[in-house]
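The block underneath contains the structure these notes are about, expressed in structure tokens.
Chain nomenclature is as follows: A, B and C, assigned in order of appearance, with residue numbering initiated at 1 for each chain independently.
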Amino acid sequence: MTLCVRSVSKRFAARRVLNNIDLDLDGGQALCLCGANGAGKSTLLRVIAGLLRPDNGSLALDGYDVRKDCERYKRRLGVISHASMIYAELTVRENLAFAAALHGMRKPAARVEELLNDTALAAFRHDRAGILSRGLLQRLAIARALLHRPGLLLADEPFTGLDNEATALLVSLFRRFVDDGGAIVIVTHDVRLGLECCQRVAVLDAGRFRLDAMKTDIDCDRFAQDYLSYARNDSWNRSGSH
Amino acid sequence: MRRLLFILAVFLLTASTWMALTAGQIVPVQRNILYAHVPSSICALLCFVVLLVAGIGYLAGGRDIWDMIAVASAEVGLVYATILNATGMIFSRAEWNVWWTPSPRLITSAILWFLYVVYLVLRVNLPGSRRRRARICAVFGIIAFLDVPMVFLSARFIPDMHRPSFSFESTWQSAALALAMIATVLLGTAMIWLRTDSLRNTLRLEEQFLA
Amino acid sequence: MESFWVALKAIFVKDVIVELRARQVLPTMVVLGMLIVYILRLVSEPASGAAPLVGAAALWVAFLFCGLLAQERSFAAEQHQGCMDGLLLAPCDPGTIYLAKLCVNVVVLCVFEVIIVPVVLIVFRLSVGARWPDLLAVLLLGNIGISSVGTLFSAAVQLARTRGSLLSIIVLVILMPLMVPATFALLVLFGALPEEVGGSGSLAFVGSFKAAAGYMLAFDAVFVVACWLLFAVVVEE
């Protein structure tokens, strides 16, 4: 799995939200993306997900361009966003079965059961999603994202509203995903959790990457305390950071 | 260049009006409104074509100028469609003593007017970014353009009970009408140009102050 | 190709299940439809000879306005919990989403039709005799035309606070030409007009039933294809 983002820019009205972003991500890598509010993190994730068209630049997943090979690109992608993308009137199982059908999975029953067990949702399989708590809904969203075995997982604030148990479950799921050769980009304000899940960190500031380094190359404590000033004060050479 | 167009348009309109009022007078008198009615109808349709082309241009290229041309042509087209409907109703009242009748011509004029109005209402009321608004309005422009021939065809199900039989009796009349048509098209072009420039300057100012 | 049918069927089935469980649209549609029919019946009482025309008009007005309710709902439901993003992230062409939603709207209007048509026939004392299949065909053609435009623009106006009224003005202006032959066809079926009407006179229509049905078919074909192709543009952020 390789993600290749080249010279991606995006403006909203007069404001430049993303400014010539380059990003390379291989399978087995987990990237924690941090930044202040309005830095462009969610926008970047939406652009990588193919939900937002950049003003210029290109994106490719395993060589498949987001525009020209849209179907193949999306097959390799799983997204966990602020919103759960879950239908309240359908049961947990029905939501997963629907997601499986959307991805063209012919006999998803076994895979659905596997994910229900992995996300500890087996007991709720026949419950309508509308009655689930925020934590359970988030687990269902994660199961939905992993259903079709994507190569790249994009997670926008996945830990928000989760209790310790759910957080630990999510961290272990992410680790397993990466160990199996997948790549993740996690956007989070909880930097310590991000550092726990990921080996690579990046800071987006005013539409540009201010820092992009492996966890082992930075002072994690200082970074966790105030990543923004850390990224701004220390000079980071992006070309040497992979 | 634009100033030239305006001057030429005004000159030709004056010439055509003078011709119409003198040697080109049609009998009975109400039919002289055709000198305003026919050019307006041509222009209203032409503006629609410009709207369609600009919409397709925007969707294909994404350049803002196409969107501005589309909005400008919708506004100018609405003016011509209003004149078209108004002159049509005046003619109808004078000729057949009814302000409106569901004849195909009047129906088509009315729907054209409504299509322009709905386009401009969408323009103002659609939420989201300017680009999204432009895209959706371009889509509406394409669908609306497909609708116009459908209107012509559907009007065949209603009899044109008041079909005016009219032909030009003299070359002065044809010349006056031809001049009026050229003048109206030139005026429409100049107005679309002017309005597009005005929209472009507004956008530039917005970007400058918001940046 | 197979993934197209799988996704289409999945979205269709999902929407049907969601509507059956939520029961938001159909009851409101039926009530609104019946109110429209009854109001038009009451106000046309002094001119009871015009029953076929008013009945045909009542039927199409009910279809139009109740169809708008269904179409508005079809994408409003996707705004909760970012479900529209979920659909757009699927590895299928956005046109597939349009076609699935179109099918759902057509089916919902068909169910509505089963209830409202008998009401119109009873209230206006109309009959189609042996021409039931023709009536169903005409209503289906009208149904598809109404749903095609409404489904496309429902996706377009979702974020607007006045989405109901915006959708109404768009759909009504585009569908105006469909209503003339549609009403003509119904009048022929109600026996108020002969199969073919020609020339001028006191009759309000010219043309033939076949021409009217042919026009409706052409209208549907043009707009379903156009809306299907343009859907991807409308849902792009």
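In this section, a contact is a pair of C-beta atoms (placed from the backbone, for glycine too) under 8 Å apart; a residue touches a chain by one contact, two chains touch by 3 or more.
None of these values were measured; they are calculated from a predicted model.
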Arrangement of touching chains [line / ring / star / complete / other]: complete
Chain nearest the overall Cα centroid: C
Interface with more contacting C-beta pairs, comparing A-B to A-C: A-C
Most widely separated chain from chain C, with each centre as the mean of CA atoms: A
Rounded Å distance between chain B and chain C, as computed from the means of their C-alpha atoms: 31
Centroid spacing, where centroids are CA-atom means, of chain A and chain B in whole angstrom: 51
Computed distance of Cα centres, chain C from chain A, in Å: 41
Residue numbers of chain C (touch at least two other chains): 236-237
Contact set on chain A toward chain C in their complex: 46, 49-53, 70-75, 77, 79, 81-90, 94, 98-99, 101-104, 106, 144
Chain B partner contacts - residues on chain A that touch it in the complex: 12-15
Chain A-touching residues of chain B, taken from the complex the two chains share: 129-130, 206-208, 210-211
Chain C to chain A touching residues, read off their complex: 2-3, 6-7, 9-11, 14, 17-18, 21-22, 80-83, 85-93, 236-237
Footprint of chain B on chain C - complex, ascending: 149, 152-153, 156-157, 159-162, 166, 169-170, 173-174, 176-178, 180-181, 184, 199-201, 203-207, 211-212, 215, 218-219, 222-223, 226-227, 230, 233-234, 236-237
